[in-house]
Amino acid sequence: MSIKDFYEEKCIVTGRTTVPMMDSRYKGASTFFRCPMVESLDSCDIALVGVPFDGGVTNRPGARHGPREIRNASSMMRTIHHVTKFDPYSVRRIADVGDVTFSSVYDLEAVAEEIYDFYHALRMENVLPLSAGGDHSITYPILKGLYRDEPFGLVHIDAHTDTWGVHKGSKFHHGAPFRLATDAGLIDPERTIQIGIRGAQNTAEGWEYSLAKGMRVIFMEEFMELGVAGVLREISRVIDNRPAYVSFDVDALDPSFAPGTGTPEVGGISTREALQLLRGLRGLPLVGADVVEVAPPFDSSGNTALVGATLMYELLCLLSESGVKNLKE
Amino acid sequence: MSIKDFYEEKCIVTGRTTVPMMDSRYKGASTFFRCPMVESLDSCDIALVGVPFDGGVTNRPGARHGPREIRNASSMMRTIHHVTKFDPYSVRRIADVGDVTFSSVYDLEAVAEEIYDFYHALRMENVLPLSAGGDHSITYPILKGLYRDEPFGLVHIDAHTDTWGVHKGSKFHHGAPFRLATDAGLIDPERTIQIGIRGAQNTAEGWEYSLAKGMRVIFMEEFMELGVAGVLREISRVIDNRPAYVSFDVDALDPSFAPGTGTPEVGGISTREALQLLRGLRGLPLVGADVVEVAPPFDSSGNTALVGATLMYELLCLLSESGVKNLKE
Amino acid sequence: MSIKDFYEEKCIVTGRTTVPMMDSRYKGASTFFRCPMVESLDSCDIALVGVPFDGGVTNRPGARHGPREIRNASSMMRTIHHVTKFDPYSVRRIADVGDVTFSSVYDLEAVAEEIYDFYHALRMENVLPLSAGGDHSITYPILKGLYRDEPFGLVHIDAHTDTWGVHKGSKFHHGAPFRLATDAGLIDPERTIQIGIRGAQNTAEGWEYSLAKGMRVIFMEEFMELGVAGVLREISRVIDNRPAYVSFDVDALDPSFAPGTGTPEVGGISTREALQLLRGLRGLPLVGADVVEVAPPFDSSGNTALVGATLMYELLCLLSESGVKNLKE
Amino acid sequence: MSIKDFYEEKCIVTGRTTVPMMDSRYKGASTFFRCPMVESLDSCDIALVGVPFDGGVTNRPGARHGPREIRNASSMMRTIHHVTKFDPYSVRRIADVGDVTFSSVYDLEAVAEEIYDFYHALRMENVLPLSAGGDHSITYPILKGLYRDEPFGLVHIDAHTDTWGVHKGSKFHHGAPFRLATDAGLIDPERTIQIGIRGAQNTAEGWEYSLAKGMRVIFMEEFMELGVAGVLREISRVIDNRPAYVSFDVDALDPSFAPGTGTPEVGGISTREALQLLRGLRGLPLVGADVVEVAPPFDSSGNTALVGATLMYELLCLLSESGVKNLKE
Amino acid sequence: MSIKDFYEEKCIVTGRTTVPMMDSRYKGASTFFRCPMVESLDSCDIALVGVPFDGGVTNRPGARHGPREIRNASSMMRTIHHVTKFDPYSVRRIADVGDVTFSSVYDLEAVAEEIYDFYHALRMENVLPLSAGGDHSITYPILKGLYRDEPFGLVHIDAHTDTWGVHKGSKFHHGAPFRLATDAGLIDPERTIQIGIRGAQNTAEGWEYSLAKGMRVIFMEEFMELGVAGVLREISRVIDNRPAYVSFDVDALDPSFAPGTGTPEVGGISTREALQLLRGLRGLPLVGADVVEVAPPFDSSGNTALVGATLMYELLCLLSESGVKNLKE
Amino acid sequence: MSIKDFYEEKCIVTGRTTVPMMDSRYKGASTFFRCPMVESLDSCDIALVGVPFDGGVTNRPGARHGPREIRNASSMMRTIHHVTKFDPYSVRRIADVGDVTFSSVYDLEAVAEEIYDFYHALRMENVLPLSAGGDHSITYPILKGLYRDEPFGLVHIDAHTDTWGVHKGSKFHHGAPFRLATDAGLIDPERTIQIGIRGAQNTAEGWEYSLAKGMRVIFMEEFMELGVAGVLREISRVIDNRPAYVSFDVDALDPSFAPGTGTPEVGGISTREALQLLRGLRGLPLVGADVVEVAPPFDSSGNTALVGATLMYELLCLLSESGVKNLKE
């Protein structure tokens, strides 16, 4: 099947053929970027996944509704990138593979196990995942599922280091995924860079864990000093052009851009900076990426979902252009 | 394929099987009621259709976004009706067949033609349509597409008779479908009942057309006097147990229930009355139904989409239980 | 000048003539009901007035923005009443005469004086006023301005009796206008009826004042028992077909219909009941009317402004059809 | 200490004394009804409690924010009931005792245990609790904490029977409290009445459990037939003037009144009916009450919090006037 | 008549004189900047025009409501510019001349014709227009109406080049005005500069058209590199101090500043940059200007209308200070 | 009592001890930063005060609701500053001392007197105040209450100089506090710096007053040129390391960050700049600070309250670390 055929949809009523992502943006049921939902992973290079879980939050819930609203907003996206003129759909078969299904939603460990199963299956099929959360607790089992032989590098854009310990009785909450991932050897802390950190904390524990493990932590103030270009140099140095994962928590952004999130912190990254950052990752051998913590109930203007979809489009271009080269083609 | 199989979905990643409409309501891409999108009309008894067009409005646009938001809200619906204990999914194969595709969106006649084609194709396959608008101008071509041998009866619930003439240069606007349908012989005005009419008008033209043609027009004040039971008696008398179509404009409802619509009129029907009305149609030989004029940009609380989805669920039960009996089984 | 000419507007650019209130509702600068703003009171039978003042509130301010948002919403209104088929614009020259101007806004007595001056001038010209508040404190100086020879009857629809005494240092606040008006002999308490009263109070003072003075107070619970028909009988009995004023505080309505108000009280009148109530006043010799306490900052759905405009339209029909017969014609 | 002193607050800066609940409603930090937060239960007859937990929801979370927003809205409440002229603060010492503290928030059983501890402690001090949820899962441990010698009667106002079984791995979710309470002997199903039930379900399990156990289940349709007076007769018969608990889930109300809730069902009880219902319980020997499922993130107009506070005020009057007579006085 | 008299308004009731734009900002019916609506173009130098049409959109409609909401927000504007200390009202007679009237709203060509007529009439009277859209399709007929002897220069600030071809059956949609204007010789592409372009596209057609015709296209990324000062240098070079038109599509702005628009693109111009840009145009011989694509239904915070009004105020200063010198004085 | 004990709270029901500001952020009644409300000023170093008054506005009211919503949002704040690692609660006893009580709310002078009394009492106890407005008119009486022997320096961040004269009959409105304070000798204009000034005005009076008195006025355009570092140098020079007060009007911020305010002006300071500005004040001998003009009714996203709380947290760090050294310890 040609790439062109992959994206064509035939109306079962009229027999007319359209490419949904090229049609009127208000039309049709929302899949991610109006990509097809396919019958099998065989025909798919990159999987768009929703992980509708927010049971790991420490404060305001709502991110379980993230995948659906990002899907909805993603119909505002189009195909050819205006800077690179690259069209991911011209070279990759990209499908919406649906959401992770949970048989147990009240038990954080069981949830993590089901997420792990899903991503492990994707890895076994050599399909690169681009995910929409869900709260940040989902990233630990995603990394676990994708793990192969050695720890990944990590580009982590967030207001919080998410390397905290046990909170209110569990270590699987959304402030802990990168401590869990480090402790489990899934990511290499020396090839981990955390960008946009800010906001008061009640203990310095997470900040200290990151530093103690050797992560490169760029607080917001250093971010402003370095500028995006400087930060990109640091990313390049830290990641060292080896396999890496990108995790983008929308609370890295200032709440004027992304109010719809559980733990907003005033004074964050602008979307212009965020887009520049992601574009600056071009060429890195990425193994997957996610956008998390879009919480639609707090997104009265809908802008957070739109921003989330835009970030996913940028990540999709990265994964399509330079994702790790073990894709079936 | 059994009915049960019809609704099952197998995850292409994990191979796990779920029935989406029975799973967590915040999960998955939104189809109408989380019904399957099928490959062919062969396997389908009732088609859920979106008609994302609002180019026929005379005032506030936005109903083009109706199908998507009703789909979204329809994930709040479940299967077994709490009054009748009837489960439409246990007896009918109900599919989301997507939205009508438009190749021309700026020409009201061309749009009407494309809608006609779609519904004509459904009729040729003996599939009953339940549609989400879109503005009310869509109902004229729908009726035209469904027409067989004789005019349908019509149960029309609305604040406006929608039997007006030319407006600002066109007769295909959303205030005119039932004048067009009457003039074209698609509906029988003597088997037409219009319910909930109210709100000042700049001319009496539409009101007079309806009466002159012999439609039974129940203004809101008479509605309150008759009560739902009295109105149902009138419907029964007018429709006469012969094939009929149901068209529900959400502006029939008071704007406290359905603010998200283009031409709200204060003092309308309550949702409790609306649900009673629809349940009272049980047993009528319906040929199709629609819910129109849900305009999400004016629906800040989201309640209009929820109400729209609930009305569609009630109509789905009616169509499943007693829709015209030429379905393939 | 004929009535028809009165409402015509000639475009100064193209010379084309339109009747604004018959044109597209989203077009043009908003006057009340898209009525003309005239050069002189000579050509005017009924004056639509805004009183943008909320300095008299005891709780949530915002009603100063009421006139503008009611004007905006009033473009949704049309001309011919659907029940009576009466068109006020066919018999009366109705103009938007603008807002009361305040030279002092921080001094409640000075404000009252400026409102008085405005309405006194209207009375001297035999023009009937229909006003949009502002908070309820405006009604006392309005009544004072309109007063002629004997106290008016009063139909007062509200959640509160507004017959309270001094609050936080002033007696001119929005909980007091009808005590002031009674004490000043502007209204006859025995020809006063208060409808829709409810909500806990910190003292019984206002309730007791109303009863002690002989006002007919219909609490919400009695309202539900009597029904609208019963309440109308009481109004008829109390007002006795002699000159009366109608004051409608939107907090009489349940906040599901009118959330945009300063002191909402759960469990109020429905808009259907309100419209029936106002229509039931047909034939009363009214000297003026107002709709007050629309507070747009609390009206996220915009429905309160729409309801306010609809109530004003009903009152306009009443004033046009049976307002006191000293109009110049 | 006299009741009057109980409610007085002395400003620590100026020494001025005020009664917060009598002062400007926009002033001060929000406690429930602006009641005092006291140092000891000794001085307290009725405890206002927040239970900020929503980990038991099956669909949309957010009710953890309910207690805070109900507190905020409760400053709109006043003291003397407009129907009964009863002032609960004149006879009872009513205090805001804060929220239940959770050391574990991700484990439903641990949460239930901490809620139990709190209410058990209240019971040991003979303090009657009036609670604001939180999702409905909180009511099972509340009932367990309050239990003394024999099962309570239950007046349960809700769209759902909440007698469902295990969901996604746990039986402690918000659709199950009354099955758990029945199975544990905390409530007597034959003295339980469930009012307002409606909305499609995916299985009939919960409905059937309620009926099988002998609960009196009044579906919405029977509610409309009986009217409030008829329902009150049923309540009276079922409860039999013996100790009972009242649990009010705001989704019993139509979403036009209470949009801010996790599982809205169109076609519900009006606030007028709800107020009449609660007032009709006057005289019952109540052991406590709660208002649950106010989910502020879905309450864009704020009306749900206002309604929640108003329902709590009505329940406070009931508890103050006729709560079980083992209060210390 | 002196300029001072031009802006004075005499209350027809009290005879008091005010200058509306100097009075309380919440007072009075909203005209643009509270300017007078005049009887004739004779007394007018600059015309403020609304063009309430959005039938040309390809995605989300709503801009037909733009003129009214910009009028509303424009009452927040005042007179003396804080940077230049220039007061446009001290030197020009500026009037709100109302909205373009449409006799046909469903036919894009007919609409364009009526817009053309309006602006042609303004040109014949030597009145400079400052317009509020409406969608961007209005600018083509505006330019056509204003055209005299040679093509205008164009400063076009937008996320999209709007030089696309036929879409869904028409070439008169809102993505095409500058292709139409170029093809018709109304603008000189070599004196056209497009600023702020960004966002993926489904074809490169529009971008390529602009470049092929010789327009100076500043994509967002170049904008950030050049900075506002650099962009202004480019504008100066391209426009060459000859007659030019300014068209500002609010989607040029980042949606955090202007969410209320039909096709938002993340990562846009800030309002600070926009104000600097416009101020940098001081001295250019402008023939008119517009602000388009303010779509109030998507503007939940109201900020887009406020920004739109502010941009119009800046443009008004430009037109008043250095608009083309054929004004009647 | 140790600092640690100061912040501990013992549950009166369970006896469990928590530190509210370290507990779940959605829990408990909202005080500022979840600080204790204390019995006496003896145990308090810094007082958090609400001044719920907006009777001094010239345009949109609503700031009376500011203190409550800032309290609500302040529960999102935590303890250890992420830049300085300073924890104000580790060195100061910080208490919420409630709101100023008003016995008269309609008389601006009487209000000012009551505010004066409150702050004078705080000064007499050597307690540093950090206040949440209310409109800006409150700052004049605050300064009057805090005054000791010589005029304070003033760091004033605002879109407006607030040095205007009489408006609509009063000089005590929110556009005048710093003219009143200068005229009364409470602040030293030569040690006053006004930052962020912008927006058209109807007279130049206020701008001219500030300059004539020798204040350092940094209009927004100079702000952009100097950058934060340059502005901080100016602040340092002007304040001269002597006692100063900080007054932050949230309308200094761009309305994309702070829409919820009465007189927004497009093109303002970003929150990143604002945080840098405040952090740059570290070490100044501050005598108090306020954040004013948060108007929740216009804050549909809630971001303004969040920003207000964040600014207060920064000011709290400043006051705790380097407030004037006459605190009792």
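Per-chain numbering from 1; labels A, B, C, D, E and F assigned in written order.
The criterion applied here is as follows: a residue touches a chain if its C-beta (ideal position, glycine included) is under 8 Å from a C-beta of that chain, and two chains touch if they have at least 3 such contacts.
Protein identities per chain, from UniProt: A, B, C, D, E, F = Guanidinopropionase.
Computed from a prediction, not measured in an experiment: that's the story for all the values here.
Q: Show me the overlap between the contact partners of chain E and those of chain F.
A: A, C
Q: Touching both chain B and chain C, which chains are there?
A: Under the touch definition, chain B and chain C have D, E as mutual neighbours.
Q: Looking only at C-beta pairs that count as contacts, which pair of chains has more of them, A-D or A-B?
A: Output for the comparison: A-B.
Q: Using C-alpha centres only, name the chain that sits farthest from chain F.
A: B
Q: Using only Cα atoms, superpose chain C on chain E and state the rotation angle in degrees, rounded to the nearest 5.
A: Rounded to the nearest 5 degrees, it is 180.
Q: Nearest whole angstrom, what separates the Cα centre of chain C from the Cα centre of chain D?
A: 39
Q: Roughly how many whole angstrom separate the Cα centroids of chain B and chain F?
A: Each chain's C-alpha centroid was found; their separation is 55 Å.
Q: For chain F, what residues touch not just one other chain but two or more?
A: In chain F, the residues touching two or more other chains are 24, 26, 60, 64-65, 102, 105, 168, 256, 298, 300-301.
Q: For this assembly, give the contact graph shape among line, ring, star, complete and other.
A: Shape of the chain contacts: other, as it matches none of the listed patterns.
Q: On the basis of the stated criterion, which chains touch which? Give every pair.
A: The set of touching chain pairs is A-B, A-D, A-E, A-F, B-C, B-D, B-E, C-D, C-E, C-F, D-F, E-F.
Q: Flag every residue of chain C that touches chain F in the complex, lowest number first.
A: Interface residues on the chain C side: 54-56, 60-62, 64-65, 102-108, 110, 168-170, 172-173, 297-298, 300.
Q: Which residues, counting only chain A, touch chain F once they are in their complex?
A: Touching chain F from chain A are residues 58-60, 168, 197-204, 207, 219-221, 224, 254-256, 259, 263-264, 266-268, 298, 300-301.
Q: Where on chain D does chain F make contact in their complex?
A: 11-16, 18, 23-24, 26-31, 37-41, 47, 49-50, 52, 64-65, 67-68, 71-72, 75, 96-99, 101-102, 105, 117-118, 121-122, 125
Q: List the residues on chain D that touch chain C in their complex, please.
A: 21-22, 24-26, 76-83, 85, 256-257, 271-272, 275-276, 300-303, 306-307, 310, 313
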